[in-house]
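Down below are the structures I want you to see.
Each of the next two complexes has subunit A plus one more chain, namely subunit B in the first and subunit C in the second.
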Partner chain A sequence: MVVPQAFYDCLAICGRLEKSVGNVAHGEFHLFAYLACLLSLYRKKLAADWGYGFSGTREGAPYSMDINTAIDYLILLGLIEEKENYFTLTDKGREEYASLLQFLTHQEREEFIDGACSSSLVLPMGLIREALYQEPELRHVKKLKSSRILLDELQVSLIHEHFAALSNAIGIEVKDLIVPSVVWLKYLFQTREVESHPDEFTSQH
Partner chain B sequence: MNSQVNIELLKETAEADFLPAVYKAYSQPGLDVLRKILKIIPEVYQVTPPDKHQKKIVIFKALNDSSRPLSEATAKKITDLRELPQCARNGFVLQCCDGFFLLWVSSDGIDVSQLAKESIVYTYELCKEYFFAKDEIKEIRKILLNWPSIFCVPSFSNLTDALEDYRLRRARMSSCLLFVEAWADKSRLFLKNGPESKMRKSLAQFLDDTLRDAEVREEQNTDATHPVDIKVTWNFNRLALIEIKWLGDSKADDGHVTAQYRDARAKEGAQQLADYMDNNKVQAPIHTSLGYLVVIDGRRQGLTPETATINRDAGFFYENKEIEYNPKYHEIRDDFKPPIRMFVEPIYLNDK
Partner chain C sequence: MAKILSKIKFPRIHQIKLTNFSLYSSSPVISIKIPDGVFCLTGANGLGKSTLLSAIHFGLTGIVPHSGEKFLSVEEYYSDNLDFSRNFFNGRITEDDHDLADISLSITIGNFKYELTRGMFEPKELRYLKIEDSLEKENIFDSESSKMSPEMVHNEYVKNIVLHTGLESFSQMVFLYSFIFTFDERRHLLFWDQKVCEQALHLAFGIDPAEAQRADLLRREMERAGSLARNANWDATQVRNQINDLKRNINETLKGEDPRDIRQKYDKLIEEEENKDREVERIELEVKDAMLKLSELSAKEANLRVSYNDEFNNKLKKQYRLKLHPLIVSSRNDGKCGLCGSTGEKSVKEILDLENATSCPICKSVIAETKEDPKIIEKLKKTDEDLVKTRKESEMVLKTIARLNSELDKAKAEANKAREKINEFENANKKALSDLNKKRSSGEDIDAVLEKYRLQMEEYLEKKRKYYEKRDEKQKALNRVQKELEKQYFSAEGSFVPLFKDLAFEFLGLDLDVKLALKGSGINLTLEVKGKARRQYHQLSESQRFFVDIALRMALAQYISDSDSKASLFIDTPEGSLDVAYESRAGDMFAKFIMKGFDILMTANINSSRMIRTLAEKCGKKKMEICRMTSWAELSEVQVAEEKLFEQVYAEIEKALNSKGK
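Right after this comes the complex of A and B.
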């Protein structure tokens, strides 16, 4: 069964990323959908209200079965097309996206998807991926080396702790989620660097 | 594994970042304009890489699109950024307007702070980048050290293209902070003893920065005793194993030559990779796997342990000397890509 939110999110992610980086890889649908979901937590929404769930793979990557199903369905309907493992919207897909955007429930998701995808304007894809893998939930999964459901109650409270600190660090209320999204990703990426080369980092900064 | 927030680092990151600064200066309209500049900067660097310019690059967009803070009379109006490299060879100023650009071919004497009073301004000069918005000035912190700008990191959909770019951009002139450490001397005649770890790190870092949707991991075991240099995984079920071999002469710190690797070493690498691929079929049967042999070629003609300089002929003697593999695994196996030889230039003396 196709989850409508996942269906919409895939169209929206594809529409945005093809503008910034030309197309979307399969894993990037999962990655940006997960980042968008996290940004909804930044806005103090409930993870349960996102519409579909995520698990972490043993490699520490976010994955959603519902996003997977939605991608297959979008291909079947001719709304997205694949070329050498990368996806773009078809004309029909663009029309469908514009039509779905008229619904309030979808409009409400736009700020999160936009905040997530806009980070690709500032940061290379490789860096976004590596940064997000440092996020507390995914780090935990990677540590366990087994796949598990993400965003359970305990882990969400840890993410809220991160986001409260992030909000304080930014110090101003910004409606546009590109700001917390980019600052947080840069922070996460640097935590990896600090852990790999603590001495170099201290001397550099 | 620590999941606690590093408050100090988080604050430092937020304070140093240009996005909150732009918002403070111009609120949401500022971020809207910034988005447009952020889209244009990589397009500019695709046609004219920033490190080709010794003088300042200035790219700005006014909050009010019709505003012309610099004299329009001295600007060239362009609609296609591909015109840019022909006109601006050493620094330039580019105003991004809706539907076209205004280009000033020199950035000499430009007053950036004046421009920033009604625009968002990005500057690049000698690997330092800034954003200016009203009185806010933010230097972009270098978090990818091997690139002159975070906006010129290429993005590759496939590994072959990425390896080809690494060959030209990084290996050829040893222009990577990690790779350069593999050399024992400044003329790039002798490699250090055991240079493979530097080469592996350099290539893995490059692939990590540039490959889309792929996980890059150094030194992965295909079984308990055979580690492959780099493993790249896509979409959980496709993977590439990369074996790196280097050719040339290496020296220990005391100056004695520790290894002299020639064609046979590359052929050993091919055999080794074929074995990895066989092991991998057992270890990861559900993955579609491909093997890549990367040969870093630092061979020089006529080196003796005392050689400290080289002329062009001897330095480039092996530039086009391809390696004859036997067996040619890349022709007889469907999981073995053609080996990629990356010749590394020495610094040579002009006199012969």
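Right after this comes the complex of A and C.
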């Protein structure tokens, strides 16, 4: 079974990253889907409503089984094609994306996918990856050196604290999520060497 | 000789604007120009026609007429109805729009132009108010430059309304709009409610509105004095019983040091606690309902998610093509079988042939290529919409639960306080009783205790006498005012009664008469049909009663209004169960009122009623406008399915409107 939201997110991520960086690596589907999910939490949505879940790998990278399945289906249906481990949309894939965009369930996700992927317009991909690995949950998983389910109740409350500080730092109600996305990623990147507490964010901003 | 009555100026509504009024979900902002004559709002059942009239009423007065509120006096009706009105739009307006929803009205009273905006939960506040004197071209008030709080702006509105209408108080305006100029689903009838009718008569025929207010106060004071006298009598009887008990059981324990005070105070505290507990129970019930709603919505959402996933996968299945399978693709590109590694022309040909296969080469399942079925997309789209709608509803209910929980905490704290007060009182009373018992057991002051009771009883009897005196005095004063009213009525009868008879004849086709009756308890109007009094309900059919009562309101509106600023009537789906002949006559009666330069804001169901068609024929497009509500809110499946029937009725009404003057 394909999870519709994961299927749609992969198409949307592929289409956007293709425009900004040319193509998409397998891990980048997971990375940007996770970043988009975090941005939905920033907008006070529930993690349970995202449609699919994530786990953190031993290396501290986000991973979703449903994203993986979706990528397989996209290949099977000829909607994305692979060249040397990088993916691009096919013409059929572009048509499918436009067709799926008519559904409200998908339209609601555009804001978050766009906020996540737009960060690749202003930040290098390496920085984004490094930064997101510093996200409190993923950093915690990496320290444990074992995989864990992400975004459980306790972890979500921690992320909300982070976002509350971020929201205060930005100061105004932002319409476009690219602003909190980039500010947060930059902040995370700055803290990559510091293995201490997330409270630093508040004190720095 | 009766004095000449000064007429009252009433607001004329020109424009209504509703913002964030969630009941009309398809139209977040509704702006309506109210034309001269009849403004008739039509729509299918359940679309919220009556609510619009209530909203306009609320915008104008801050009050929504309440059927459960017993009329005691003009002032009390206004103050007692504020809480009901504050909560009336709960449920009609969603949590998201709770603080945003408002109504704006543009009205004129004589040469004064008012523009105002009232939040739908703010009966004593105004968000915006501008008053101009169009004659003097003078700006009288503008809330934007005044920096006043919304409460103060409302007070400013009240002050000016009273001044410009010529009424004595804003409560009188609320009364007139709630009981005389509005005929709504309460189906309240003036002819058959003596207290309301009397107050209406004072306002319509009294020397001035101050007299009406005086009569209203006198009646209430008289009733209160009577009630206090009865209470004092009851208290005296209680004390008399105490004395008798004490005499009978002189050696038994005295119950209570001061029976009257203790009973009254204690009862009051108990009543207070019960009220607080009832409030807690009410909110708990609301929380329970909201939780139930949330669990229903969650279950619905979970089911919809499963359906959405299934339908989505079903859609993908139809898109599957064997030639796109990575194994086939790599076999074709590499020129060798991806499964067993065989190479050669034959193997490649076999693989290429597979690209057009209609069944799976391994399990033989049919995978014939089919075009995407539009029905699948349609179904998916519907599930998708339902899913998003259900999720939004859940979010709304969650907000409601959060609000209710906070209200519940406050209510519980208040209930605890009330209980503490009772405990304190009980402790204090125990002490008093114990002191009294000590005195009694030592044989001390028994006569003094009895004497004290005797004095107390006399005091109560004296109070009773004084209260009855006061009641009689108020009754006399009221009688004088009523006599004055009677005189005024007789001098006005010549011009008022024909107004009523004319309208009523138009409807019933019978010669009706209306007479003033002065009874011991007050003043009332009686209706006579062919010389026989029809005071009792059963003597007229229900629908006849409605329209005869509306005729009375129209006659009162004509009589009471200043010719420069006439009253408008609010009439909510009045047809009832009239037969076709009377429906037509009711239309004639309304048209007659309109032709005299008055306005009616009414609602009507879209049915085959002759009333609207007759009214349309008589008024024509110049004096009547039909406003269709169909685009304001979502229609039910039945309504959508039967839209053609609605169209037929609209076409008939349109034809009737166009027939005037042909």
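The definition used in the following text is that the second predicted complex is superposed on the first by the 192 of 205 C-alpha atoms of A that agree within 3 Å, B and C clash if a C-alpha of one lies under 4 Å from a C-alpha of the other, contacts with A are read in each partner's own complex, and residues count from 1 in each chain.
Operating definition for what follows: a contact is a pair of C-beta atoms (placed from the backbone, for glycine too) under 8 Å apart; a residue touches a chain by one contact, two chains touch by 3 or more.
Keep in mind it's a predicted model, so treat the numbers as computed, not measured.
For the composite obtained by superposing both complexes on subunit A, the positions of subunit B and subunit C are free of clash and fit together. Of the two partners subunit B and subunit C, it is B that touches the larger number of subunit A residues. In the superposition on chain A, A:49 contacts subunit C only, with no contact to subunit B.
By the touch criterion defined above, A:152 reaches neither subunit B nor subunit C.
Looking at the shared chain after the overlay, A:95 reaches neither subunit B nor subunit C.
Look at A:2: by the touch rule set out above, it reaches subunit C but stays clear of subunit B.
Overlay on chain A (Cα): least separation between subunit B and subunit C is 19 Å.
Against subunit B, in their complex, subunit A makes its touches with residues 19-21, 23, 25-28, 57, 59, 61, 63, 84-86, 118, 121-127, 129-130, 136, 139-140, 143, 158, 161-162, 165-166, 168-172, 174-176, 178-179, 182-183, 186-187, 189-191, 193-194, 205. Listed in rising order, the residues of subunit C touching subunit A in the complex are 308-309, 312-313, 316, 319-321, 324-326, 377, 380-381, 384-385, 387-388, 391.
Residues 1, 3, 5-7, 9-15, 17, 19-20, 23-24, 28, 31, 35, 38-39, 141, 143-144, 150, 153, 155, 157-158, 208-213, 215, 233-236 of subunit B touch subunit A in their complex. Against subunit C, in their complex, subunit A makes its touches with residues 1-4, 7, 49, 73, 75-78, 96, 99, 102-105, 108.
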